[in-house]
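Here come two complexes built around subunit A, the first alongside subunit B, the second alongside subunit C.
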Partner chain A sequence: MSPPAGRPGPLRALGGRRLPRALHPVAWWLWAIALATAASRTSNPLLLLMIFAVLGFVVAMRRTEAPWARGYRFYLLMALTVIVIRVAFRVVFETGVNPGDHVLFALPRLPTPGWYSGVQIGGPVSLEAVLSAVLDGARLACLLCCIGAANTLANPKRALRVLPGALYELGTAVTVALSVAPQLVESVQRVRRARRLRGGGGRGPRALRAIAVPVLHDALERSLRLAAAMDARGYGRTGPATRASRRLTGLLMLGGLAGLCLGAYGLLGAGVPAGVGLGGFAAGAALCLGALVLGGRRVSRSRYRPDPWRWPEWAVVGSGAVSAIVLSLGAGYDPAALNPSLYPLSWPALPVLPALAILVAALAAVAAPPPPAGPGRPGPEEAPVPAPQAAVAALPGATR
Partner chain B sequence: MIRFDRVSVTYDGAASPVLRDVNLDIDEGELCLVIGHTGSGKSTLLGAVNGLVPHFTGGTLAGRVTVGGRDTARFRPRELADVAGGVGQDPQAGFVTDTVEEELAFTMEQLAVDPAAMRTRLEETLDLFGLAGLRQRALSALSGGQQQRVAIGAALTAHPRVLVLDEPTSALDPASAEDVLAAITRLVHDLGVTVMLAEHRLERVLPYADRAVYLPGDGTVTAGDPAAVLARARPGPPVAELGRLAGWEPLPLSVRDARRRAPALRARLPDPPPVVHHVSRNRPGASPAVDARGIVVRYGSLVAVRGASLALYPGEVTALMGRNGSGKSSLLWAIQGAGQRAAGTVRAGGAPAGGAGTGGARADPAALAPAAARRLVGLVPQTPADLLYLDTVDAELSQADKDARPGAGPNGAAGARADGEPGAEADGAVGAAAHARVGGVPGGAADGVPGGSRPSREILDEIAPGIPPDAHPRDLSAGQQLALVLAIQLTAAPAAILLDEPTRGLDYQAKAGLTAALDRLAGRGHAIVVATHDVEFAARSCDRVVVMAEGEIITDGPAAAVLTASPTFAPQVAKILAPLPYLTVPQVAAALGQVAAR
Partner chain C sequence: MIRAPRPGQSTARSRPRAAAALAAPVLNMTVLNMAVLAMAVLAMTVLAAVGGAAAAPRAWAAPEPMSHCSTSTGVVMAVSFAHWGGPVLRSCASTPTTAYGMLNQGGWHTTGTEHDGPGFICRVGYSGYQGGTQYPTPAQEPCVLTPPSSAYWTFWHAGPGQNSWSYSQAGATGYAPAPGSVELWVFGGTNLGGTSGSAVPTVSPASLRANNKAPGSAVKAKHQTHPGAHPAHPAARSTHPGAAPARGNSPGGTATASAPVSRSARADASSSPSPVISNAPPVAAGDSQSPSHGSAVPAVIALVIVVLLAAGAITAVLRRPRRAR
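Here is the complex of A and B:
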């Protein structure tokens, strides 16, 4: 890609002349985290549905054909499972019925011993209990889908490359872990298929062992080979670092992370004063930044064609941030509308401002440039063919 | 460039060192070939060069290894990356990124190469390895040869002075292997990179080698001129074996060398050859053990097998050849029934015992339960270890016996159905029918293949004697694992046994063992198919060669005819002795013996 002549403004770019490129992976992650923050603030089914819709829309508009981008439906399935499990638990472990509840049906009650009286199994199941379980589950499912969307939209391995130099070793571990997952799926399929060759079925504890053992062996061996290959290729090279500076870095990092945790708890949890949350967050961020800068000094490496951070990145992050901020601040609308009460049972109201804010997040689909076509799914005509030898043989003259 | 100074390597818990007092000096710009059997320490020697031994593998390294002046004991592999690059057997296992371009850039990024320099180096490397058209391609969508070239290119972008390659072509078909070797030789000749290369299939690499390092397996190392070293390494590639037989001194390394000396030998050899290259156990007139017609396999829009028809006869060993991705595996899996099949019919086993069609029990393995299907057709997959899940060889074998027992499947009346009563389900009749057919083979008759009665241990000892019963299956060598899985599959006494690329990663000894095992199995009346890229193996072991391309069978005929018809598929002996239709060294030896006796 040649550098653009002049700076194409947003308006001209929106006119369809934008060059396809991959959006900065961090932008997608920030956008998804912002939406997740918004989702965690509400249990209003209408708002949650809107967030699901926005996620689906953006994923459909801006995902690539790359292997990692085909997994969104698995996240959806997982989300559905979460809701189902949540409801099933609520139905089985009865939590008591209030006088005004609409009882749907009653399960036979299993007597529990006296020392175990906190949990009751069976009993009447009310519509309210089921609904609250569904909403709880939906919120959790929504968070899951946000992570799924980020993973689908941004190449997870590329996102890792953005990690600051100081987090290199962590990056190694995560890279190895990430590469294991898809290989695991492939190995399970291969071994399951091979199991038929030994006359075995696909069920039962023996089948589980017959599949798990070769798959795990395989995964372990591959991971070791990958780690060896990465080591041999210079991954994790460090410059000179004194013991003292390493210790200081570690200390700063731990302190910073503790601050971040505290801050996140304060910001997202309802019962903590906002000042504590913000303060903790700021202090933690500062400490972490210090640690990263200090730690990053000993790492020297360069980046090949780094992802640029231009206005589409800002726009995507901004669109997500709007929804997170509006839903977190709770100003300009009735905060109770975010978490509508189930008593009395009624159709939840749709608060206008939060709804608009969530819709703003959908603008990311337009703000982000179209994803590049390659490395797309190879059409049948470009199925892998060995390069003709003539092309290889013709080269020596050109190379030196 | 590379110097080993009294180096010994002992792995933790091992009784004896893998390498013992190794002294080795490899100069700049040499292509050094490392020769040795599986387990002789080749990988250890190579790993010691780029520091993976002992930093990554553990173990103790005594002595000193220096690469470009750097002591590997003090520098970790990552700090050696700019002097020594390494590529393993399975390029895919070493890929960190997703696309060709990113993968090539990865090493340079780690070495903090300046972005502008990185860009130019990357473009150069793309050209050097003929990868320019693939730069945006996902690594997983590349063929094996392309992947291997990307892996070598990725190591080379760091401009290392030494490149260590551990069996770079063992998983490739001949044409892809040639591409990779061409790239490697260009590195040596144009850029002066020092390359250390381990390879089982010496016949491919020997002509290019400047020096050979031989590891006999006792920890010692002999280095020197390839021809001199080769004289000590046995068994060697066919060209060297032929040279030994003919008494050529020094041994020829390439077909060209040998061919220039061959006229005298050719004059002594009778034409046509008095003995065949491989004694066929095929019984003329027998009805096929497997009859597959019009097989179609498709994955989405990709058609892997396009209407292939193949009949397999008892006692016949068939080589299934063709480049990677030509549909060999898909065809084998479709025939076995475990794989996908979009169209076509397979009738397996249960041929009429008494001869003229009394309507024996034949069945489509795909329509049967897995336990019954494997009694018709057994398949040894490309990664045999997929079938192994127990802790010891013994446990695997007894499990196999349990699975094969009549109670384990609908195989109870194997013997009773030998007369091929109409309507009998197929599975039982197979063994008996095959048994009846091999009745005439001397020695093979008594213990033919009746309904899975032979214990697996006996079968294993016949294929590969001496595998300890308490060994962990994962600790076995590739050849031993293959033998174990083959024995497990044979306990079901299938009429046909299919092997998917069994020669991958096998050394000459293991291949000779496999040839002998297949020969015995053919003698027992099994129909055998071996998918392989290895022309030499096909020449020694097979009666018939089937070549696939783009999912279609393009050639099907006797090995002697097919293997001498095209230069790509000809074994070395055929290339050297053409136009005489000799295929293997033993065949030449037998012919010479007969001439001498006369």
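Here is the complex of A and C:
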């Protein structure tokens, strides 16, 4: 899709009414990962709250009407669950009360044997411990919501098109796996609506059975249809690759992944010489790269309607990158403000530069073009296609 | 179809539809905003509670001079600065107490990590050693996250009469020592059983324990007769671990004892490879500054920004075509 005739570019697009189109999925993913990086650097409740708000704002402004775009509330629920679980664990397993703590209440203490006294169950619960659990949980919840926002905003099937050719078998499996959850949700909604229209109400196990059986039936049928469609489009064909070259590719890939694991362990673990970590990492990366190059040779792909990468993509990625860079560098403000201490309790400070950087990430809602309209008014580009066909069309190597 | 953004009208119209469960995204946004709102409310309540609540007063054991500890009373706490070429400093506290309490009285100070709170001993310092510098220094360990398992303050204790160390299974705030027991803090790392590693103690509990049978009354008298008789004399007297333990011969107990410890300890450490054991008499605690709760203005500003963003999100959702909602 091309920008309006005449002078293309940001000025023209911002001035006039912009044509709706889907942003490049990789741009959304990079934006979300940058925000997640920023969130992982801080435990300041104000900054985390602002990241939550920015995520919600951008999702509300720029999500499509696709099935996967309706799942943000599930990520929010998951995030809340994370916080609740963390607090519950901190309350049940006592971590000790320090002098000056504000004790909220005390649980009855379960006696533990002496050899197990490292873990204490029950005991006094201080406000500081609960708050620290909430903040820890909020940081993890923020990461979850970042990934959820990326999943909501980006079309997962189109994102798979940028995978290297050697990974296309993996990509196929991932596509099928990714389409399962939204399809299940869709199935459940359809079956429930059909039940309601027929006047079938009721709750409890009977209703569950009446919904679960058709949904499973539906899912099986769809999977078979998807498999047939993919088969018809030439999936699973090995191309000109010989058996030996396929084995070599697999061996290189496995060796590379093992090297990466070893390298990561060496880099992160204490007591492992640094050379082992770096060497393992480099060797693993080299092996993986070799496998990708070798494997990519045997897959011939054609590209159909490639997603464009224009200034909105750059702007979205840039707006996210600003927050990640500012919070990672820790320059220009007091780095201690990113991790305010709970001892003694005090109001958290709001460091100006990180707060502004997070607000810059909200500009993605303006920089990104409006999403294509939903089923009621098909957009020029992203006209909804029944799920199996859409899945196949988005895969590398597929032709329509 | 773009709806007129009149709030009253829109809610009145959208309600019956929401009930029809065809408008799931309305619920979606409601959940989102409720989550944001709930977090804001939670933050406000908690912070308000903090402002109002007062810390519960706690009774801690009193710091005592070494002579007050005996084989059956008081607890001897020792901290080894050998990792930094320093001595093993020991002091005495009356029971009941916790290991954390002992490390934060009579001139001792600790710092926790930002992640785990003060209960995780990350730095230890004594005001009479190196001017109160806490080790490891911020350059060596930032004390933000939990330190690595190869370099942290390990905690050892030996019960009354025992002459072998056991690696503590409880934390500093969770361990309540019995009268007559000895505690030792060593910087380094160890395995779970406490049998190998850089932090396995090289001094025996017996060399740290106070060996007088009764809390030294004789010493007390002697001490009273010569209050500050030798101002130039190092208040913390050193004994080598191999030598017979000091039988309550410490002249400590004066609040004036401070700097000399480091000097004498350093001199001894250079002559002997094994760590030097010095007494660390209680030092009057400095005036503790009252904790300030900071200003609530940043929180309010952040909340205003969050509310503005939420309002923007709500507007965006309300302006979506109804079918799409």
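The rule we apply is simple: the second predicted complex is superposed on the first by the 255 of 400 C-alpha atoms of A that agree within 3 Å, B and C clash if a C-alpha of one lies under 4 Å from a C-alpha of the other, contacts with A are read in each partner's own complex, and residues count from 1 in each chain.
By definition in this document, contacts are C-beta pairs under 8 Å (C-beta built on N, C-alpha and C of every residue); 3 or more make two chains touch, one makes a residue touch a chain.
As the structure is a prediction and not an experimental result, all values here were calculated from the model.
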Original post:
So, A:226: does it touch subunit B (first), subunit C (second), both, or neither?
Top reply: first
Original post:
Taking the superposition as given, does A:247 touch the first partner, subunit B, the second, subunit C, both, or neither?
Top reply: neither
**OP:** Please indicate which partner A:57 is in contact with in the superposed arrangement: first for subunit B, second for subunit C, both, or neither.
**Re:** second
Original post:
Between subunit B (first) and subunit C (second), which does A:349 come into contact with in this model arrangement: first, second, both, or neither?
Top reply: second
Original post:
Now for A:109: first (subunit B), second (subunit C), both, or neither, which partner does it touch?
Top reply: neither
**OP:** Using the superposition on chain A described above, determine whether A:199 touches subunit B (first), subunit C (second), both, or neither.
**Re:** first
Original post:
Residues on subunit A in contact with subunit B in one complex and with subunit C in the other?
Top reply: 193, 196, 374-375
**OP:** Would you pull the subunit A residues touching subunit C in the complex into a rising list?
**Re:** 43, 45-47, 49-50, 52-54, 56-57, 59-61, 65, 70, 72-73, 76-77, 79-80, 94-103, 114-118, 120, 127-129, 131-132, 134, 136, 138, 189, 192-193, 196, 270-271, 339, 341-350, 355, 359, 362, 365, 373-377
Subject >> Partner subunit A, residues of subunit B touching it in the complex >> reply: 50-52, 55-56, 76-82, 84-86, 88, 90, 93-99, 101-102, 105-115, 118-119, 122, 124, 127-131, 133-134, 136-138, 140-143, 145-146, 154-155, 158, 175-176, 178-179, 182-183, 186, 190, 301-302, 323, 325, 333, 336, 338-339, 369-374, 378-381, 383, 385-390, 400, 403, 408-409, 474, 488-489, 492
Original post:
What residues of subunit C sit close enough to touch subunit A in their complex?
Top reply: 21, 24-25, 27-29, 31-33, 35-36, 39-40, 42-43, 46-47, 49-50, 53, 55-56, 58, 60, 100-101, 104, 112, 114-119, 144, 148-151, 169-174, 189, 291-296, 298-299, 301-303, 305-306, 309-310, 312-314, 316-317, 321, 323-324
Original post:
Residues of subunit A touching subunit B in their complex?
Top reply: 66-68, 155, 157, 175, 179, 190-191, 193-201, 209-214, 217-218, 222, 225-237, 300-305, 372, 374-375, 378, 380, 383-387, 389, 391-393, 395-396, 398-400
